[in-house]
Every structure is written in structure tokens, then in C-alpha cells.
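Here chain A shows up in two complexes: once beside chain B, once beside chain C.
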Partner chain A sequence: MPKLVEINVHHITRVEGHGNIAIRATDGKIDKVEWQVPEAPRFFEAMVRGRRWEDIQTIVSRICGICSVAHSLAAIKAIEDAMDIVVSPQTEKLRMLTLYGEFIESHVLHIGYLVAPDLLGVQSVVPLVASHPDLVKLVVRLHRLGNTMMEVLGGRRTHPLTLCPGGFKRLPGQGELRALQEQLTAALPDLQVLADAVYSVKEKLPAFERDTEYVALVDRGTYTFYNGNIGSSDTTNTVAVQKFKQVANEYIVPQSTAKWAKWHRASYMVGALARFHLNAEHLYPTAAELARYFGVTRGCCNPYMNTVVQLVETVHSVEHSLELVASLLAEGITPETPRVTAKAGWGAGAVEAPRGILFHSYAFDDNGVCTGANLTIPTNQNHANMQKDLEALVPTIITRPEAEVRQLVEMLIRAYDPCISCSTHYLNIEFV
Partner chain B sequence: MGNILPITPILPMHESAIRNPQSAIPREPPILIIGLGNPLLSDEGIGVALVNALAASYADNPAVECLDMGTGGMAVLHVLPGRHKALFLDCTLMGEAPGTLRRFTPAEVRARQSTSRCSLHEGNLLELLALAGELQTLPAEIVIFGIEPLTLESGLSLSQPLQQRFEDYMSAIRGEVKERE
Partner chain C sequence: MSKPRVAIFDFACCEGCQLQIVNMEEELLTLLEHIQPVEWREAMSEQSEEYDIAIIEGSICRESDAERLKTIRQQAKILIALGACATLGGVNKLVNTFDNLEEVKRCVYGDSARLPHLITHAVKAVGEVVPVDYAVHGCPINGAELAYIIRCLLQGTTPVIPNFPVCVECKMRENICRFEYNEVCLGPIVRAGCDAPCPSAGMWCFGCRGMVDEPNINGARDVMARYRKTVEDLQSRLVLFNSEQEQPHA
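Then we have the complex of A and B:
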């Protein structure tokens, strides 16, 4: 009797659909490997139509509670591009700090809550409270740092209130920045402890490699998350953000209603590993040292190492944040009032969200009312690459026990940390 | 189609909504009201709409803090320590008629779905509260007000059943707070 292996890994997206990995193999021969995912909601593009430019950030900040700052800043940069608004260096520094808060929070959560259980052989972070109490408290502490940065700079722990075209609605005080400086300084030894913990189990990260195109922002001389053009590992040429549709070439595949994206190859990857691939030489010193410690070098094409690079980026975020805070304290915060003169136009903005490069574009009429929008999120750009990774990985592991195959493909999804916007936020309960 | 709530109540644009570091209100008032959910998905935004409407009522009350945590998920962990009571306001599928409000504690329910741990975007309040319990940062009293939705489709407005009962929800929550004050 032929041995049939059938594995389905569900992750819950919206009420009407599930994302799924479907694997079927007979006697070790693969019949099907499919990453099936429904279209991420495009309703927010319709939702901003007819709204004034002042309301755009408010709406898009609600798309996602994890990437709220990134969506806000991509939208704001697009509006500023459309209306020819230039912001001050102070605003850019404060925006970077806000974004770093989000990076620190998102990356630490991913490493500590999603990946650590895999590496430590448990089903969730909850049992780790008993088995690794100091480590869990450290993760919570680092997570809190990112959240506090967003509260101080963004005016709220999530869905920021202060970010707007032209600048900030409220500026942080010197006392707040000094308090952040202390917490950031304390974070570096915490991150070393976390790094040592991950290093001690790094052999649990599968050794899988697939030559991949990587796409991220590039800005000469910096490990950029905010400024720059669109770069690819497949070419030294870069593309202006306004031409992002030349990069994210969407196409339809039968197995998913979500469109896939390609540029120079059939797929590309965005996110931490992509940023590292394009900008590694610009990491701040402690972050660069951590990359060397883990043996991660430019050219690494193991998607499971995305998590290690997130740890490296977290250290970089803390280092650069300390530099920014010191600069702001030394110069003092200058009172500034955002000034925008609405006009007709079209603009595009891009930032690196924790999961990868994020594009927003908007068109406005003479009254500053939005007449059209286009949002291209990191996870949508990663779908095709996830499929290609699975096609390469599964044949090499299919003869292993089913539970192990399931674990490895789930870990692959987790490494990408897909952004399932607007999913499962409501409670779904029964009374006992 | 219900009235479209203007942006302002969903996300107050005025200065007082932004945490004021000079505020005389103590950092951790004993009673915390947290609104959860996504106001871009119609009734999924009921928790956020309620907490923003309640915020004005308690602006000068040093014992009560209202927080719009939206879809901030795990960030809830950081606002729980030091509180005596936390009230969560959230859209909840309970198998009831749309608009039904039920008050319950975590011990009285179980989740009908668990997260796959594939993404930080999967949220489960009960799992988060279990983690807070393990970390010993849970307030002594946790109450959840769940409201059954009619629709979770994209939209900035609440459905008619929820709009009609909005003041009833506010009264119930105020009553719960008053008991503890």
C-alpha cells in the first residue's frame, strides 16, 4: 500500500477563510506543496477614498496594531511627496525613534513569543514562564521598552496620535527622552542575554538554503529603515520609491486569491534578512558583532535565519536610538508646528516595516481629498517566496516523521511572521 | 447602513487624548478600562468606540483610566501591573443575537479557537491573560464585556443593533466601575 502523507497547517485569517499549507506525498514523491492564502483585505484603499489628507494617518494606523507606526509613516511620507512638504531634521530623528520603538517591540515579540517555544521544545511561551522565568521577564522588559518608546513619541502605545504630515502634533519633553535613554542603555545587556539564549539552541534552526532575490530600502552609508530607494540583491541599480509598481509586479496564481509579486525572478523576499543582505556593512558595531557571533554573513539565504537577523536589527535599533536621543538632548527640542498647504497631486512613500518594505501611494484633488490609494504590504510581497521555499524544502524532509515535517513547515511560516491584517482580534468563546 | 461615525470619536484628535507627562493623574489608577478591536471592521470596533466615549466621563477621575489599545495585542501586558481591576471591552462571538452584551470573567469561558502561533497578528485575549497570570501581573479582578457583532465587514460605522444599544453598554460599564470605586 503506497504510503500517503497529507499535512495541512492552518493559520486563521478572517472569518471567511484560512491560510493553509497543503502537502501531499505518496511514497516520498511530492504530489502537492501549496501555500494557500486568501487576498489580504484591500478595503482600506477604498476606505481612504473621499477622506481628507488629515484623516489618512488615523485610518491607516488602524490597519495593524503591530505595524501601526510603519503604516502611519508610509502614508505620511506619501502625502508629503504629493504636497511637496519637507520636514525638519528634528522630525526625521523623532520619526526614526518612533519606528525603532516598533521594531524593538515587533522583533522581540517574534523572537520571544513565536520562535523561542520552537527552539525550546514547547507549544507556547506560557510554559517558559516556569522553566525560564528570567528569560521571559527579560523578553517582557525589552518588549515594554519598544512599547514605551511608541507611547512617548507616538502619544499612545499603539495606533500613534502624534505623527502627521509636516511633523508632530506633540513633541516629547527632555525628561521623557532622558528616561528613554536610561531604558535603552539598560537594554543592551538584556539583548546580550537573549542572544546567548538563542545561540545556545541555534542548532534547532534548520539548515536550509535557497538562492533568493532580496528587496529592501537602500540609502548610501546607512542601514536604512526610512530613507532611500528600492534596492535588490540582483542588481546594483536602484528604483525610486515613486516607481514601486515596477518592483512589486503582481500576478495571479490558481491556488490563492492573494496575488503574488515578482521582480527579477519568480519571487523575492523582504524583511530582516533582505535588509541585512543589502545593508549589512552599515550595521552599528554591537549589532555587527552579534551577526559575526552567530556566523551570519551577507549572502545567507536561509529563511530560518530571519529570526537571528531580527535580533541583530534589534541591537542596531537600540544603538542608533541612543545616538538619536543623545543628539536630541544635546540640541534641545525646538518647538515646531506642522504646516501643510493641501493641493492636488499624487505621491508615494516607503518605509521598512518590521516584516519588510511597505509602500503607500495616494492621489489628492485640489481640496486635499483622497481620490485613490494603493498599499503594498510586506507579506503580500513574500507570498511567492514562501511558496518557492516550501517547494524546495518539502522534498528534502518528506520522508521524516509527519510531526517533524509539520514542525519544520510551521517554523518556516513563523520565520516570515506573516502580517495577517485585521484577523482574529475579536474574542470567540463559549460559556463553561 | 448606519451613521458613519466621524473619525474624531474613533480616534480623538485633540491634545488631551495624548498622554500628558505632566498630568496629575497617577500613573496607574486602580481601575483600568481597555477597549480592544479594529474600528475599520464595523462592529469589531465596538470596544474602541466605547472606551473613547467613556474617556470623557472619567477624565478627572484619579481612580479610573481609559485606554484605547485597538489591535495592540500583547501591549496589554504592560498596562496591567499595579491595577486592582481591569475591564475589557471587546467584540465577542458568543452565539447570541447581534447587539447582546454579556459580562463575564475569564474563568467563566473558554476560547473556541486557539492561535497557531504563526503570526503576531493572531490575537487571543484569554491566552494573553493566562500569560499575565503566570507572570503574576494580573489585577485581582478581571471583567470582560463582550458584545455580539452583526457584521465584521470593512466599514467605519457600527451596525444598527449596536448603535441602538450603545448607551445601554455605557450604562452597564459605568455601573461596573461604580461598584468598585
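Then we have the complex of A and C:
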């Protein structure tokens, strides 16, 4: 009798959105390894068509609750590109701070609530409340810091209100910034405790490596999340954001409501590990030291280490935020009113979302009414790479007990911190 | 009394309302002393088919999702619709404004539009598919309001959800009216209970909690006329979150 192994992870848990993993093997030989995305499609590119420029951010923020600042900023930058709007350095600093709030919130959520149960051998964070109360409280505290930043700068925790083309609808006060400064300062020792906790169980992260192409924003001399061109580990040339469609070459596969993407190779990866790959030398000192502590160096191609790099990026976000807050406090907040004159045009915008590089582009008519949109989402760019990783990983572990195989493949997908409901919104509609 | 078993399920949405549950932070830890979460895919690997309270996030846009929701309704003693996608259809309902959904899908997916997993129908709010006991309004929801509703359930009392417009809470926060800035705000006809976070952040109300039960349409007309805005201006905002969706009453 041939030994048949069949593993179906239907709706993988502890990730944003719906994804399935299907594996079938006979006598240790793989018949099928498939990453499937059955998420309900939502047609955002169509939803924005016919809507005025000032309602675009409100709509596209709803693509994703966990990346709502990134989606808002990518849209706003695209609108500003289309309508030739230049914003002040103060606006740029405040936007970066808002985005850092989202990175801290999202990365801590992923590390502390979604991945920690795997590392500590439980099914969810719920039993950890009893077994590791101090650690859970620390994670709650760090998570709140990210939320507070979004609240102070964006007007609330999810789906920001103040971000708009041209600037900010409401500016933070000096007192609010000082309070933030205190909380950011207090976060660094907390992050060290979290890092030690992750370090103590780091052998739970499998030593799996697969070389791939890494794609992220690159900008002279910075570990950038907000500015710059598109960079790749496969070329020293960078590509302007407006030409993002040259990078994300998308195609449809039968097992997915989300499209897949490739550039120089059959797949590429975006996200923390990709950013680290391209920009590691520009990390702030404590973050760089943390990377060394974990032994993660540029060139690391173990996708499971994405979670560790998220921790490094969280520290970097806190360090850079402290610098931005100090500079805003020193210069004082100048009252500014966003001014936009709607006009016809096409524009593109990119930012790094916690899960990777995010592109938005829009076309507008003379009245500022949207006539077409194109959104390319990080997880969408990662789907093909997740599939290739599974294809490389599964044959090396298939003879292990089924529960272990299941655990390792789930952890692999989880390491990407996928935002699957985002990824089904890329729908390549171009209405002209 | 044993703790009520609570399951959270998500359909088409951004999962931002689930995030507000996580964002309850210490209050969530307290809540966990009184309820037993048995299924919550985004946060837990545990699964269960036995639950007392089902919390539903998201809109229904496929037949398979409608069937799944009906099964959940049969299992649950109490069903709570969580957030605008569930209570109103939210931004998802913008899809229903297209003249021809099939044509849009062909533009999107080309010939692949016929693949079975891409088959969608008109988007529905949860209450259009199964009876809803309680609605937690908002995009995103306010965690404190969800906690209040669950607290009422545990104590056997009926939650009181405001049925007056956002303008009331906006005035209490001493905001300058958005119409004074030449903006179109839905505050005069949309249900309060959010504490007007949008106008307080310099943004107009975009109607995520749906309209009050009996909106003062004549009053809204007067406001629009006074600020030289048209009913079309108001409609173009009302459509964003489908604020006019009729609400089921518990």
C-alpha cells in the first residue's frame, strides 16, 4: 500500500484574510503543493471610479484595517502626483510619523499576537494571558504605542482622518507630541525585553533558505518607508514609482482570487526581509545592533526570519520617530491649511506598508473625478513567492509527522504576515 | 453560570473591526474573564461549532458565504453584526451601483471571470441574509460600544444605541460645523454614538453608522440650502457607506 499524505489547511488561522494550503504526497513524493487564495473579491478599483478626489482616501483606506495608513498615504501621494501638489517638509515628517505608528502597531501585533503562539507552543494568545502575563502586558503596551501615534497624528487608530492631499486636516499640539516622546522613549527598553523573549525561542524558527528576488523602496542613505524609487536585489538600477507596472508583472492563477506577480524571476518577495536586504546599512544604531544580536545579516534568505526583521524595524521605527518628534518640537508646528486645485491628470504613489511595497495610481478628469485606478498590493506580490517557498520546503519535511508538516507550512505563510483581504483588491481595471 | 461561548467570523471586509477588538487592550483581557472565545480565525487556531454568541464582520457577496452565514445563524443563540460592512454593506455596496457587474468582472479578470471562485452576486449586509439581534455600527467600530453591548447581554439588559444625529455629539465637542468650511457633512442625518471623531479631526461625517431611524429630511434640506449645497452633493456622500440601508431592529 502506498503511503498517502494529504494535508489541507482550510482558512489558515492567525493571518489577515483567507488562504488555504493543500498538500498531497504519495510515498514521500509530492503530487501537489498549492497556496490557494479564496478570499471574496471586492473590486476597489471599480468602487473609486466616478468618485471625487477628496473621497478617494476614505474609500481605499477600507482595503485593509491593518494597513489603512499605508493605503491612505499611497493614494494621497498618487493624487498629489496627478495634480502637481507639493507638500511641506512638516507634512512629510508628520506623515512618516503616522506611518511609523502603523508599522509599530502592525509589527507588534504580528510578532506578539500571531507568531508568539507558534514559538511558545500554543494555539493562540489567549492561553498566554495566563502563562506569560508580563509578556502579554508588554505586548499590549507596545501595541498601544503604535495606536496612540495613529490617534494623535491620524485622528484615530484605524482608518485615519487627518491625512489628505496637500497636508493635514488637523495638526497635533506640542503637548501631544511631548507625551508621544515620553512613550516612545519608554518603548525602547520594552522592545529589548520582547527581543530577549523572541531570542530565547529563536530555534523554533526553522533554518530554511531559498534565494529569491527582493523588492522594496530605496532612497539615498535611508532605510526608507515613504520616499524613493523601486529597488531590487537583482539589479542596481532603480525604477521610478510611476513605472511600477514594469515591476509587478501580474498574472491570474486558477487557485486564487488575487493576482500573482513576477519581475526578474518567477517570483519576488516584498516586506521586512526585502527592505532589510536592500537597506540594512541605513538602520538606526539600536536596530542595527538588534539585527546583529539575532545574527541576521544582509543576504539572509530565510523567510521565517521576516518576523525577526519586523522586530528590528520596530526598533528602527521608534528611533527614527524620536528624531522626528524632537525636530518637530524644536521647530514648532506651523499652522498650514491643505490647498488643492483639482485638475485632470494621472499619478502614482508608493509607500512601504508593513507587509511590503504598495502602489496606487489614479486618473482624474477636469473636475477631479476619478476615471480609473490601479492598486498593487504587497501580499499580492508575495503570493507567487509563498508558493515557490512551499514547493522548496515541503519535499524536505514531508516524511515528518503530519502535525509537524502542517505547523511548519502554516508558520511559513504566517511569517509573510500576509494581508490576504488586501491582495484580492488588485483587479487591474483600467477605465479610460 | 458558565461563560458564554463567543465566535467571531469574517466575510468580505478589511478586518479593521476585529482589529478594534484587539485594540480594546486591557479591557479585552478583562472581557476574557467573562466570555470564552471559541473561534476567531484572525487571532486563534482553535475552532468550534458550539457557540452562544456569533459576531459577524463583513458583507456577503457570494452564495457560498450566504450559506455559511445561515449555518452560523442556526448555531448561534445571539448574532451580532460588527461594523459598517455587516450592518450596512459599507463601501462594498458601491459595487452594487455598477450598471453591469458581469462587465466589470470581465474588465478585471478577462476570460477568467467565469472561474467558480470569482462568482459574486450583489453585495448584501448581514441583516439582508439572516436575522440580526444586535448591530455594532461604525467603520471602524468603537471597541467600547462593543464592550457595552456584550456587558448588556451578560447582564440581561437591552443596550441603548443613540437614535439622534452626529451633530448632537459634534456640538458637545465644540467643533466648528463642517458646512462652515464649505464641506458636505452627513452629521445632520447620521446616527450618533461615535462621539463625532471625524469632525473632531477636521473631517466631515461620511455616514458609517447609517442614518437615524427617522432622519429630519426637511432639516437637512434647509442646511443644504443655507450653505448652497444640493441634494446630489448629499447623495454622493451617502452612497459611500450605503448609509441609507434599512436597519433591522432587535
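Quick notes
As a convention for this text, the second predicted complex is superposed on the first by the 407 of 432 C-alpha atoms of A that agree within 3 Å, B and C clash if a C-alpha of one lies under 4 Å from a C-alpha of the other, contacts with A are read in each partner's own complex, and residues count from 1 in each chain.
Keep this in mind: contacts are C-beta pairs under 8 Å (C-beta built on N, C-alpha and C of every residue); 3 or more make two chains touch, one makes a residue touch a chain.
Note that this is a predicted model, so its numbers are computed, not measured.
Of the two partner chains placed by the overlay, only chain B lies in contact with A:Gly175; chain C stays clear of it. Using the contact criterion defined above for the overlaid structures, shared-chain residue A:Thr26 touches neither chain B nor chain C, since it reaches no partner. Of the two partner chains, neither chain B nor chain C is touched by A:Ser327. Of the two partner chains, chain C is the only one touched by A:Pro254; chain B is not.
When the shared chain is aligned, no partner comes close enough to touch A:Asn8: not chain B, not chain C. Of the two partner chains placed by the overlay, neither chain B nor chain C lies in contact with A:Ser200. In the overlay built on the shared chain, the residue A:Ile66 is in contact with chain B and with chain C. In the superposition on chain A, contact is made by A:His110 with chain B only, not with chain C.
Judged by the touch definition given at the top, the superposed model places A:Thr371 against neither chain B nor chain C. Once the two complexes are overlaid on chain A, the chain A residues touched by chain B in the first and by chain C in the second are 11, 14-15, 41, 43, 46-47, 51, 55, 58-59, 62-66, 68, 109, 113-114, 117, 123-126, 129, 136-137, 140, 143-144, 147, 155-159, 161-162, 169-170, 421-422, 427-431.
Contact residues of chain A toward chain B in the complex are 9-12, 14-15, 19, 41, 43-44, 46-47, 51, 55, 58-59, 61-66, 68, 105-106, 109-110, 113-114, 117, 123-126, 129-130, 136-137, 140, 143-144, 147-148, 151, 155-159, 161-162, 169-170, 173, 175-176, 410, 413-414, 417-432. Within the complex formed with chain A, the residues of chain C that make contact are 11-20, 22-23, 25-26, 29, 32, 37, 40-47, 61-62, 65, 90-92, 94-95, 98, 104, 107-110, 112, 115, 117-118, 120, 139-140, 197-198, 200-203, 206, 236-237, 240. Of all residues in chain B, those touching chain A in their complex are 7, 10-13, 15, 17-19, 21, 36-41, 44, 67-75, 77-79, 90-95, 104, 108-113, 115-127, 130-131, 134-135, 144, 146, 149, 152, 154, 156.
Chain A contributes residues 11, 13-17, 38, 40-43, 45-47, 51-52, 55, 58-59, 62-66, 68, 109, 113-114, 117, 123-126, 129, 136-137, 140, 143-144, 147, 154-159, 161-162, 168-170, 252, 254, 257, 421-422, 427-431 to its touches with chain C in the complex.
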